[in-house]
Amino acid sequence: MTLFDLSLDELWRHRPRVTPPADLDGFWAETLAEARAAAAPAVAARVRTPLTQVTTYDVSFTGYAGQQIKAWLNLPAGAVGPLPVVVEFIGYGGGRGRPHEWLLWAAAGYAHLVMDTRGQGASWRGGDTPDPGPDGTGPSVPGYLTRGVLDPRGYYYRRLVTDAVRAVEIAGELPGVDADRLAVVGCSQGGGLALAAASLASVPIRAVVSQVPFLCHIRRAVTITDADPYAELVRFCRIHPDRAAAALTTTDYVDMVHLTPRATAPALFSAALMDEICPPSTVFAAYHAYGGPKEMEVYEWDGHEGGRAHFAHRSLEFVAALVH
Amino acid sequence: MTLFDLSLDELWRHRPRVTPPADLDGFWAETLAEARAAAAPAVAARVRTPLTQVTTYDVSFTGYAGQQIKAWLNLPAGAVGPLPVVVEFIGYGGGRGRPHEWLLWAAAGYAHLVMDTRGQGASWRGGDTPDPGPDGTGPSVPGYLTRGVLDPRGYYYRRLVTDAVRAVEIAGELPGVDADRLAVVGCSQGGGLALAAASLASVPIRAVVSQVPFLCHIRRAVTITDADPYAELVRFCRIHPDRAAAALTTTDYVDMVHLTPRATAPALFSAALMDEICPPSTVFAAYHAYGGPKEMEVYEWDGHEGGRAHFAHRSLEFVAALVH
Amino acid sequence: MTLFDLSLDELWRHRPRVTPPADLDGFWAETLAEARAAAAPAVAARVRTPLTQVTTYDVSFTGYAGQQIKAWLNLPAGAVGPLPVVVEFIGYGGGRGRPHEWLLWAAAGYAHLVMDTRGQGASWRGGDTPDPGPDGTGPSVPGYLTRGVLDPRGYYYRRLVTDAVRAVEIAGELPGVDADRLAVVGCSQGGGLALAAASLASVPIRAVVSQVPFLCHIRRAVTITDADPYAELVRFCRIHPDRAAAALTTTDYVDMVHLTPRATAPALFSAALMDEICPPSTVFAAYHAYGGPKEMEVYEWDGHEGGRAHFAHRSLEFVAALVH
Amino acid sequence: MTLFDLSLDELWRHRPRVTPPADLDGFWAETLAEARAAAAPAVAARVRTPLTQVTTYDVSFTGYAGQQIKAWLNLPAGAVGPLPVVVEFIGYGGGRGRPHEWLLWAAAGYAHLVMDTRGQGASWRGGDTPDPGPDGTGPSVPGYLTRGVLDPRGYYYRRLVTDAVRAVEIAGELPGVDADRLAVVGCSQGGGLALAAASLASVPIRAVVSQVPFLCHIRRAVTITDADPYAELVRFCRIHPDRAAAALTTTDYVDMVHLTPRATAPALFSAALMDEICPPSTVFAAYHAYGGPKEMEVYEWDGHEGGRAHFAHRSLEFVAALVH
Amino acid sequence: MTLFDLSLDELWRHRPRVTPPADLDGFWAETLAEARAAAAPAVAARVRTPLTQVTTYDVSFTGYAGQQIKAWLNLPAGAVGPLPVVVEFIGYGGGRGRPHEWLLWAAAGYAHLVMDTRGQGASWRGGDTPDPGPDGTGPSVPGYLTRGVLDPRGYYYRRLVTDAVRAVEIAGELPGVDADRLAVVGCSQGGGLALAAASLASVPIRAVVSQVPFLCHIRRAVTITDADPYAELVRFCRIHPDRAAAALTTTDYVDMVHLTPRATAPALFSAALMDEICPPSTVFAAYHAYGGPKEMEVYEWDGHEGGRAHFAHRSLEFVAALVH
Amino acid sequence: MTLFDLSLDELWRHRPRVTPPADLDGFWAETLAEARAAAAPAVAARVRTPLTQVTTYDVSFTGYAGQQIKAWLNLPAGAVGPLPVVVEFIGYGGGRGRPHEWLLWAAAGYAHLVMDTRGQGASWRGGDTPDPGPDGTGPSVPGYLTRGVLDPRGYYYRRLVTDAVRAVEIAGELPGVDADRLAVVGCSQGGGLALAAASLASVPIRAVVSQVPFLCHIRRAVTITDADPYAELVRFCRIHPDRAAAALTTTDYVDMVHLTPRATAPALFSAALMDEICPPSTVFAAYHAYGGPKEMEVYEWDGHEGGRAHFAHRSLEFVAALVH
């Protein structure tokens, strides 16, 4: 994997000019208002697992348009008093899986809410949440990036981003959670959703961890990588050149270079210089645009792994300093 | 591409024992009744093209649950009197594209109705028809084969097969069409849909052409090939081993080995001995199960191309003998 | 597929300095004079096909050195009076196939002459014309680009270009054709041959359509792509470094950057920014060199498909405006 | 991934005849006696991590020939009284990584000892233990499977298996561990080592979990898969055909089909029918040879993932029933 | 590389029934008579090289139809008296290269005649001999296996086999050569040509070495491997299914299963069990058909390398015992 | 293979600034002094081969730390008087193989000493020399480039470079060798070792031939290619980002950009512009740094073959002019 993107020096200076959709604020205000209006109380049911040291709840909450979204809530067994909470979002294609697959944050003493990803959850880790449409705005390349891409209102990521915002907003309703001490974390698609939640949620967030995030400077990404999922969008534009402009405009509504200027919480990013899935220049573009205090962890030799266990350790320290 | 599947001798004898779902008849009777109940009249609007020898209509008709499905109707320019009609279904990932991409059957003197494929039409030929859900029955692997696969009622192919049946049933409403002289044709997914329409439609069909059809003996296909789209289902089962049985049961409802025994129209099949996408043994399984008179064209050296122009020529002759 | 070549802005300015062979004019004058001297009248025999709306002739004409070349001539059935004619050349590896594979231009009201490609016609669409040598000038990499490449006079493309020029020159002899209204079209290798014919033919051409043409700025192509067929030449030079200069000099005789300055007919080009087979900078080099009026259709997201049905539509309009 | 190996029915009956080396018992008796004679007491040093719910020790113990081997010991924080202990071995190429990468068994209430793999730990998870030779018996293909393969006494896996046996034998010396309640677990190479430890260790083992184990029926594996690491041995034999017999004889000393008849603890195996890395027939061969009570978990749709989270859950239940 | 073909036991018993063309004898008798009638004396010109221990001649002789074929003749420098001679043929795509690339047999004390391969010699080792056609019998897939394949008389391998026979027949005319002590050797395509020469040459041959030969049981080869060059023929048949029978019949004329029954010289074959380019069952078919005394060297772990230096050593011994 | 690295013009000017380790001189002085102190006399035993024109000795000499290293010595049979000697080093993964695989230099009248490569010799040509450690400095990626890379003193290439220097220093002890006329040659890893020997040996060297050398400007190589073996180091750094700096520092001790300034013998280099294994800019960096007279042979069209037979011829001429 060669250094195919900008050099590290260039990345630190790379602040591309981007133009957000004119109605971006209104679009999200309306979308979120509608979701909040349709909201029902979250439900958390204790589940039995073989884990004696972790208490698990199967959570259902209402996301986009009041649709039911699943999540796991893991807490250290026997915790007394409300705990700081980490809300985690998942990478492309995966779902919430099983409770015993999410042990890191509970082992560090946090309540840990893992949001399932609507419609995904069948490619590498199972999920339980459907995407109840409307998938009614046109054709799509297999995958999620072009599902409904011809209309921002019917776009898949409008629904998923809304779910993520809502997950943060309802975290405080859950058992054992101290809503005042909340962090959002995620890797790849999950890292993009963490940034989205930090930009759009109506509740205070203390810390953001965004590892090699997806959904950043999409217009550039599609010209410098041929790796999926960005390449799904390339294939769509190839087949529909007369609709390419419309499709790219739709993605602007969920592009972190446009959303993150409104975030204010301290954030830790990571970028990997050999990452062809979420190229480093797209991550740096979102980083430079981010509105709050921020740190960047660069992995010079990594592809999309983006630091793995090293970054997990760094994330634990970053969040602990701000939230615990 | 080696001869990875059964030998030709074995294929001629290959009649696997298969067990259809107990409620297969009821399932489709109810589904189709519902679609017919929700039907509105088809609409056909003349469109201008650069083709002086072909008259084109942009057709909208109601498919599954009364949802709008697009199609093209091409007729030889200046035809007098109603023409025999060929209804064509499209391979996986493609859509109806542009009218000038469908010239074969009009050049042979037929009215030619090309049904768009809901939700597809972005991978290799553009489409215009959304899949308005409900995609509400669970997670899916990118693609269409596992969309809603946990419940036969929410399964994508329930909707698509219904569209295909309805396309045949409304063909007679269209301008310049002689409903008594109707054939169905298709390749791969389109070949599967042609068989489905031949098995389920309520109107008489004179000829069926099914080239290297998809959706045949799916339970075997997933164990002998690692090529998409069948491999989408393998990946689903891998991630959800506890739901694999349910997923496979759902696919039984749209498997041609179960549906084709009720077909009666003369049919021309093709199979290709080096076809890893629709392996020949799965095609032969559907062929042997087919209820009407039938012929099989074998391509010894082909992969999924399945005879290309050679088979097109054969198809023209086959249909002409029965329909013209 | 990333944007691996020049950016679109650079492409519009990309006018490389190239040096044609000193005897280029003489070379072709002599070659064509010899072909014309050896010419016999074209023969067109009606053939039966299943197409009722198209009349087909099996054409034989004399190409390079008086050798027999095959072609199909398709006309709209029942046409009265001579028709404008489109001469089409075929992409690398393919042949003229069957008449029913060539319906577009007849459907638009043209006589359509499809020239078979000598020696090819076995890789993806069948052909019927041999390449009767002399293949007597040295070793070659499997393929056609290096066949006889050590000597311009024995080079395969000298023969093939001559065939293409002759196809245009004899089109007026064919039944139902109005020689005063003639266009040449082609994609990839066919696009290169269309340019060659436009540059060298002795009869007037009204329109040229050259889609992602091959045989353009070959010296650059071999340094920026590793895709066949250009890579055939790289392999040859690798094995014969002491003959690389001679091989490249031979290709200069059939390079469109040298030939197209003498063309005068209006031309429509297409280039695709992600095309690794005929990289966009090589296409733009020929475009900028082209001597007649010209338009460029750019496909930003395409590889070597170069616009497919979209460009076909555009071509129909372009030719109709000039020829009909 | 097709079903390339035996069918499930055949697997249940697949009991190949194999011939162990005549001196197998003596070989291991001598090797282990030497390691025990060279042993020094294990050292366990508390390490600080960001995990508040887990107590971690950095362990050093003496393995083969008294050489120092690293491990992590994770315990639930605040545990009172000695805990049952799970000794885990790691897959090919990985090392012990960081303590926070091993949370499953501590979360279930066990002491968890993770043995580092000598010389590995640089391909996908870092390690800290060198392989201090002697690598003095000849050439090797990159990788570990052929390191020293020409002589059983100098073979890499002689050293690694000894480490694994010793890890089990010293587990009782560690803080917070109840030596009478001990299980061994591992996946792939780790699954092979778990079987080796169950076969050779001098202390009682209550439960064995061996997920898609490596090092099973190696002589068959090298003829039915071309995936690494088994293919490393194929490449060696290809280059040294005159030494192939010697190399295969060496691997017999560490082949689980020969060692597992002497195991007595209850064991849970898994095999995956599409596993090309550790083909199912090789796993079944070891399963059938295994001397103790045993259960087999078959994953029909998996490759080498071998059940992932599903099997982890199953493993937790299996061990809990026997050990807790 | 797995054992994809028959097992070793099966190979020893594998004697497929094959039917030679009825006029095989006449075909070759006529072809060779024509070549001999057109023959001119061979010419051998001393060439300077940097090799002080080897004397090299640049040889030209007449092959098929009296066409000029190049070769190198290497002799140990300072040899006195005529030497036994080894005639070598080259693998697919290569040419005679440079004299210093052929040192083995001269180093063992032989005169060594290396025949160039007409038209090849540009893919991996340079060549100097053209293939002056006629390439006039139809289309071909890039490569040589289908060049002229529709007519045995125009087939490329008719010409090449004739060259090989003629090389053997003229070897005795060359300086320093003892025509009574002659061996033929070759690998892959060269191994097939060695068998052809042993079957058809009019002069006595003392020893034959045929390493993993090509051109053996071609009808089976095309169904069990997808590797080139056999796959060239598959692609041809795929595009021309109506000409597949004719193409296969043509290859029968140069298939060693038909030609080798007439050979009488002692022969050493090699086959490699993991060879996907020249599968072992095709080699064994020719071996079992071979008319003279024969030995088979099996390489269990090799692909198409077929034993490399090990087999070279074996070949030196085999030839020395019979020829020196 | 495109021109992925610098252009030829840039390469001629490419003189990167590099910083050698401060103790580089001391490191090698000490290492070599230790090896010389531990040295025992070389042993050369006549071996029988089938080659009548070459006399072969099986050589053992002491390399790093007095460890035994194997080599072949080939001489023209019947040579009188001492001969000039060429010492050759081998590419990555290979070993000395069999004597009959090394005929070029003996055929040109030289004594030819081919040094085996410790621990390698199992990937493409067999070897006989173990690497007797200590491999005791940490984990490694499969392969040799990271074996012991965390400590310059335990690094694999410290041992191998020392072997190479010692091979040159003992060549004069061997039968039939004139120590005053000595050249070193090699390709890839062998080309790097030739440069290392030219830089560090204590005996006079008359000529150096370094074909597409490995081990040149490693810090750049790992950022511009993803081909092995350089990519082994990338994988190591990826897994051990906290140890990447240490690993790169270790490689500085064996990087030819640091060692070659001290070489004085005339040298012939080759670089290939499409070489992704040893990219041309890394070769040019070593070339520009080289301390003696030097020539560069550029292969514009080659990958890592780097000129093959053409360069062999050039090497014979280059060495003959300086040494014979």
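Read from first to last, the chains carry the letters A, B, C, D, E and F; within each, the first residue is number 1.
Quick note on the criterion: a residue touches a chain if its C-beta (ideal position, glycine included) is under 8 Å from a C-beta of that chain, and two chains touch if they have at least 3 such contacts.
These numbers were taken from a predicted model, which means no experiment stands behind them.
Listed by label, the chains touching subunit C and subunit D alike are A, B, E, F.
Listed here as common contacts of subunit A and subunit E: B, C, D, F.
Rotation angle for the C-alpha superposition of subunit C on subunit F: 120 degrees, rounded in steps of 5. Taking the mean of C-alpha positions as each chain's centre, the chain lying farthest from the centre of subunit E is A. Mostly differing positions are employed by subunit B and subunit E in their mutual contact, as under half of the interface residue numbers are shared between these two copies.
The mean-CA centres of subunit A and subunit C are about 50 angstrom from one another, to the nearest whole unit. The distance from the centre of subunit B to the centre of subunit F, each centre being the mean of the chain's C-alpha atoms, comes to 63 Å. In subunit B, 125-126, 310 are the positions where the chain touches two or more neighbouring chains simultaneously.
Taken chain by chain, the contacts fit none of the simple shapes, being neither an open path, a ring, a star, nor a full set of pairwise contacts. Inter-chain contacts, as defined above, occur between A-B, A-C, A-D, A-F, B-C, B-D, B-E, C-E, C-F, D-E, D-F, E-F. Those residues of subunit A whose C-beta lies close enough to touch subunit B in the complex are 93, 95, 119-144, 146, 235-236, 239-240. The touching residues of subunit D, when paired with subunit A in their complex, are 50-54, 76, 97-98, 100-101, 103-104, 106-109, 125-126, 309-310, 312-313, 316-317, 320. For subunit D in complex with subunit B, the residues that touch the partner chain are 1-3, 274, 299-303, 305, 307, 310. For subunit F in complex with subunit A, the residues that touch the partner chain are 223-226, 231, 234, 237-238, 241-242, 244.
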